[in-house]
């Protein structure tokens, strides 16, 4: 299909930061999620740490929020963007931590990369936190759930509607 | 098990950058991997872009190498470390890109977080590259395959030996 | 008081970058100040260095200006913001250096954290500069003097009006 | 005194990063402290937030730890250094939060700037957290309490021994 | 000429980030160029590497794009700016690589520093790439070719119109 | 010549951070230089600014020193390195500013990229400073003059011995 190309490389294959000057400034929001896969023992430690002054999940949450801000520094072709809000949440399962991030902006491009980077950074911070107990911990299913705003409007992941 | 604790929080639950002053400087190496899950159409575009001057995979490789260097900035409790080598490789499957990163140091702590961060950053750059064609692309199985060196010596993932 | 809460944590106590998408873009300005406390000997050295080509105060001034730009990287829950102007000034007293910073923006949130970070960074650079002569040098009274613009309008420190 | 000069500027007054190549690698440690000055109401909110999942102090602690790592980026003439450990602690008083940071390295220069930067960054994060409730909150007495290691050996603040 | 002053220092000589709050938001574009000077042997290696999977030029291109984003971090008095597009291109000569960068924004100040920083960063990455073969490689003629938009309108380099 | 290859790409053309784990830690030093080309009017302004409190050259010097520290962040395949000293000097000519940087380390790789980055960053800061007066200012001849230490020993630029 001739019209389906990678937008981030030009016709000669050269990488570029796509020109978005002509796009409208509008409120945009993205939700991404991912999962830490670990052991029941680790989840138990995180739960106990969820008690007074336990910083384990806070470290990961802050890693996620700061990760969202670092997106243009981590993802080479991303535009620097005026993030207007970020939240990162965790749900503890039996052997998993579900990570969800919501990012907002009022700018010219979407914020799904910021939401994905928040999830990845939070996931990396969780692995770092638990790796002495579970060196096999992994991060999976880092994906966009939903994006809203901009010209393309609402996109929502089919298998999770 | 009372003795199994999260090393990154103290007995009161406060986060800390663990003191590694007394650990030996030694050659250490870590290998991590992960997977971009996308569509056959995207893989085809990446393959074609693998032709002259195609920068798509190069962007992701460099994102991975630079991501490894940014680890102490992304993962809050990681020590700044003297990375002495980083490689990032890609294997194109039918609907996947397998990402592998190897990191090396001659320092006081292991480099598995650097390898994992390289894989995550490369994965994020790939998603950014293909998201206009496949907005549902995801990153999975970001995990350590193997770590060598230091007091604990060789650790290798059981299910992938 | 039920309505008085920390805005940066939600009702469950989780940290967040507050959503400011709905706030108006408007001209905002903040002034912050602080003080380096040191010895008369150090002040004398800084004064002499204030002569041709003396870089001591310039280093601190630039640390302050660059510190203002790094605010979202240093203060975890701060929004990235379009700073439109920063000045940092010093007044040498007998055993003190008074540091004043003014920051400006045309954005959705105030810039008092940027002004405070400029003062703190300039203060740290001054301590670094003089610590070989006065290892007991300290930074005090880092505070907002005045903020203007935005919905809340003018706020000015009572004891310094 | 002719021999007492600012080490960070040369004889012509030009700033420089002092050459420490010839200094010995040795274990070094520094302790710094500082104080957030606020209202009893804020302290009460922080205490309550010290309950399950309250992230307020965790945000400041992590800002401090990450701030220590960012020192060479914030303080222009500081050497990049291999931090081997950082802790940041808080003691709530009636209207104050006492901030203490301990930094460690095994490198060629001391880590007191890293400890001071940790205290300043934690203080800034606390101000950011409480500023909606107490816009007059300030940071004071950011100072080195003690440094150990290196050629100069132990230095300890007189008024706080 | 009394009215011709360095805008980045005030009347007392103190550096400042100039206040641009009152300037209009408008579409702006800048083009800068520069040259890597090296040997015919290196150019031949770069050409050959221009074949399948060769990352050499891609590394330099990405260094340029990311360098443009880092401008406010590298150039002390530059405003942080919302870059809306960056391209970096290379033309191989006999013993030279001509580097061209185009930057775009819709903001309050021009983007010529961003274009120059992109060229310089790409040039540095090229030198790093070839220095084992040609330790004498150099970067020259880093200059603005053209800037458009804003109150001053079009400026174009005389000797290259 | 088959054996002359770009060390930063492997046999398949993929970029990498070369493994230097086996290289010796040794004292290394590099000197680089470059030139700002501008007008006699600008040089006159810089000279006058060289008087009391003039920050113009100080801004460029600090940009150079901080640029040296940012090298691994700007040049994608550079190793993070323990810089032990940086100086940046300027010589004003009739229509030029000669920029010289000396960098030192005690580490596993040379510091010529750090010296070149210091020169480039200082040059960019100078252009930024003078661009309102001379929009045609350019940076040229950014090159290594001399490197010492490590296995290859002394290398010195032929045309400038």
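So that you can tell them apart, the chains are marked A, B, C, D, E and F in the order they are listed, and the count of residues begins at 1 in each.
In this section, contacts are C-beta pairs under 8 Å (C-beta built on N, C-alpha and C of every residue); 3 or more make two chains touch, one makes a residue touch a chain.
Protein names from UniProt, one per chain: A, B, C, D, E, F = Cyclic pyranopterin monophosphate synthase.
Here the structure is a predicted model, which means the values were calculated and not measured.
Seen as a C-alpha superposition, chain B sits on chain E after a turn of 180°, to the nearest 5.
Matched by residue number, over half of the contacts between the chains of A-C recur in the interface of B-F, chosen from B-F, E-F or B-E.
Look at where the CA atoms of chain D average out and do the same for chain E: the two points lie 36 Å apart.
The centroid of the Cα atoms in chain C and the matching centroid in chain D are 16 Å apart. Put simply, the C-alpha centre of chain A and that of chain D have 31 angstrom between them.
Residue positions of chain F touching 2 or more other chains: 14-15, 51-53, 55, 58-59, 61-62, 66, 70, 73, 76-77, 80-82.
Of all possible chain pairs, those that touch are A-B, A-C, A-D, A-E, B-D, B-E, B-F, C-D, C-E, C-F, D-F, E-F. The touching residues of chain D, counted against chain C in their complex, run 1, 4-9, 12-15, 34, 41, 45-46, 49, 51-56, 58-59, 62-63, 66-67, 70, 73-78, 112-113, 116-117, 120-121, 123-125, 127-133, 135-144, 147, 155, 157-158.
Interface residues of chain A facing chain C in the complex, by the touch rule stated above, are 27, 58, 61-62, 65-66, 68-70, 80-89, 104-106. Listing the residues of chain E that touch chain C in their complex gives 10, 14-21, 72-73, 76-77, 79-82, 107-108. Across the complex, chain D is touched by residues 50-53, 55, 57-59, 61-62, 66 of chain A.
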